[in-house]
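Each of the next two complexes has chain A plus one more chain, namely chain B in the first and chain C in the second.
Let's look at the complex of A and B:
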């Protein structure tokens, strides 16, 4: 169970105190897929960084789903621009987190090989990040976060700088990988379609301070199709919430043409 | 067109009413006659055939007259109508008020500015202190578990910050030694005391100039590089990636840099001392007829091992300062590439400042340590 209670975060800036987030409360069961959806600057990345422990909250608590045998959970994090280490090859990048875990060299290599194969990166092991396309880079970043077998996988708009086709392809891969695992996924995005396609649960965050304005369960038959009527229904409904957020007033209900 | 200008050296005669629509005409007229007016050095603007001009034209006319005045032309007005006079007067009033406005800052703003800069400086120093403590903590931890030491990174930084700094440290100190030897010798010769030049040179190089110049050069070469390296990693979220993977940032990024500088700095200072003294020796041979043998024997009588050792000891402090400040400024980077540039500059300025400050403090101490130095 991923549980967040009364989470708030403020930043001290030269202009004074900026209230970035909260209070935010939600809970998601283990193995779920949660999308945090919100307009730019609503604090969704802040929320993700708090979950990862990269920042400390002003108040409130976070309890992450426990790891195997009650150990502290293993976290995987995919950054917006990948944050691959430019001086390392694809293979070394993917092996790298295993080094922190103290795994020996031959096992590291085997684990990396397995995940690279799964992500369709075989043949690119010895390339360097700058030699790869944007899609390949994000695939590598995803592989690097999955190689540790995370209990919770956090993704910060990982596909936002890719073209639509590549982005949809990666969304498909991510979804397949998630279904085969028991990992809890938290995915931050400002793209409504992406959220509806991927998530089992969607949280919509409002503007500063970031607060939950809507909690939505996405119940769609598998495999999900972007063309189904239910899909479009969720899309329109969430877009309406979004428009209300951005414009600050409810969107007029469209009049049916006669 | 409603009005007209005529040039009859030194006179510009205005006929009729110059309307706002005539601005271009006025401009072109002055451009055409500019060089002739400048040659004559005198201009009389004559309104005898004009009842007045519109305000925009007046502004343009005034502008040209001011420009000509600045170029040294004597400009005067004749038969100026009251209405035009008023426009000119209010214009010059407005201009002086505008320039006045720029220079005047209220006391409150000044106090706020002073307070804010002090606050920022204090918080930077406090942050630096915390950062240093955490780094030293990580440092001790690494010393207790030598398996964790990243030797290849230390070697890499030793090469970058130490080995590659050898030519510049040696050359600059040698040059400084030559100049110092010559200038000191020149003054001392007046009293017939040029035999003391080696002693003066050796003391000033080994006590102050050698360690200081080496530290300044390393701060400029490596302190900035550390800030840029960590700052870029920060911008690209690589630092966060390391943290999520469970790496200790201090152990991984800061400690190797500090260790490398600790290993390398004392030897750079030694090198600086040697090349500085050699420069002085060359200077003595060339300008003061001081043979190398005499020079060396003078040195032997004056310099004690503590002098050399002290500079190397000071360099340990400088190494800590430069690596900590560089890394700290890098870690503080938030935002984009321009923040990295600012951090680089801040790292160099701050570390040189702190090196000189630390040097002053250590010199106070040295006076009590070194035999024969206190009065």
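Let's look at the complex of A and C:
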């Protein structure tokens, strides 16, 4: 179970304190696929960074789904631009977390090969990130975060800089991988269609301070089709929420320091 | 163009300047004894070995210090002041002091190889004072380049390493250093350039009677401008070679740094 309670985060900026997020409360069961949907600047990346432990909340608590045997959970994180190490080959990038964990060379090579094969990257092991297309780079980033079998996978708009076709292709791959695993996925996006296609649950975040304005279960028959009527129904309904958000968009109000 | 103009100016052989042919003649016979201060090749060798030894010392101190200053805020706060105070002190200005402090102590004495003193050995020409000012000239660009490299590591790479479970040492070794390498090599290039400038100038001053700088000054005093110009050309060529060589190594390292063992 992924449980978030009363989570808030503020940033100090010139001219006061900006209330970026919260309070936010939600819970998602283990192995679910959650999309956090919201317009730019609504604090969705902040929420993800808090979940990953990259930032500390001002208040509130996060409890992540426990790892195997009650161990602390293994976290996977995919950044918007992939953030591959440019000085490492695809293979070295993917092996990085295994190497950091002290796995010996032959084993980590095998593990990396498995995941690279799964991601359709066989034959590109020795390429460097700058030699790859955007889609390939994100595949590599995905492979690097999946190679450790994460208990929870966090993705920050990983496909937003790709063209529609590549992006849909990768959405398909991600969904297939998720269905075969027990990983809990939290996927941040501003793309409604992407959220409806991927998620089992969608949270819509409103503008600053980022608050949950809608919680939606996506209940679609498998395999999901972007052309089905139910799909369009979710799309339109969520778009309506979105429109309301954007039209009634309040300016970010600086809050006085406490 | 320069050579053509030079040839025309010196065609009568009456002016102050020697003809290109005469200079070329010296450059083409580097093994010949000149003005009883050794051959061109010998003096070049002396300068080169001095620079290499001094530069190595600067690298050995500069890179660890730069890494440390880049990585630790406390080290940076503490050492930046010292570096900024020491850096403007030109190495040449320190030469007399350096000679006083280190006397004329050479590596021959340092290594206890006294039997070499009356022979022509490169160790006799490696005066500690000389090495010290080379170190001084080279170390600051290396420190600053390395520090700059470590500090400009993109934050996102550190976050990635953190999330992927890399410890501090692992991150330092596999993320911070490779990402700082281009800046480190830039610092090394600046450093060796400074060392080369310092040694040529220092050899023109008291404290030695060998090296390419000494040869240039001595041939000037004896009005042997052919030797002097040949020396200047050699200085320029070697300076350029150093710079290009490190640039090449830098590029090479960018490719090699990620190759797995």
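The rule is simple: the second predicted complex is superposed on the first by the 248 of 258 C-alpha atoms of A that agree within 3 Å, B and C clash if a C-alpha of one lies under 4 Å from a C-alpha of the other, contacts with A are read in each partner's own complex, and residues count from 1 in each chain.
Note that a residue touches a chain if its C-beta (ideal position, glycine included) is under 8 Å from a C-beta of that chain, and two chains touch if they have at least 3 such contacts.
Only a predicted model underlies this, so the values are computations on that prediction, with no experimental measurement involved.
Undergrad: Look at where chain B and chain C land on chain A after superposing the complexes, then choose clash or fit.
TA: clash
Undergrad: Looking at the overlay, does A:100 come into contact with chain B only (first), chain C only (second), both, or neither?
TA: both
Undergrad: Please name the chain, chain B or chain C, that touches the greater number of residues in chain A.
TA: C
Undergrad: According to the stated criteria, A:77 is in contact with first (chain B), second (chain C), both, or neither; which is it?
TA: Once the two structures are laid over each other on A, A:77 reaches both partners.
Undergrad: If we overlay the two complexes on their shared chain A, which of chain B and chain C does A:89 touch? Say first, second, both or neither.
TA: After superposition on chain A, A:89 lies in contact with chain C alone.
Undergrad: Quick check for you: in the superposed arrangement, does A:66 touch first (chain B), second (chain C), both or neither?
TA: After superposing on A, A:66 lies clear of both chain B and chain C.
Undergrad: Both chain B and chain C contact which residues of chain A?
TA: 52, 54, 75-77, 79, 81, 83, 85, 96-97, 100-101, 148
Undergrad: Which of the residues in chain A come into contact with chain C in the complex?
TA: 52, 54, 74-77, 79, 81, 83, 85, 87-89, 91-92, 96-97, 99-101, 128, 144-145, 148
Undergrad: Would you pull the chain C residues touching chain A in the complex into a rising list?
TA: Residues 156-157, 159-167, 170, 174-175, 178-179, 181, 254, 257-258, 260.
Undergrad: Inside the complex, what are the residues of chain B that reach chain A?
TA: Per the stated touch rule, the residues are 236-238, 240-241, 243-247.
Undergrad: Sort out for me which residues of chain A touch chain B in the complex.
TA: Going by the criterion above, the answer is residues 49, 52-54, 75-77, 79-81, 83-85, 96-97, 100-101, 148.
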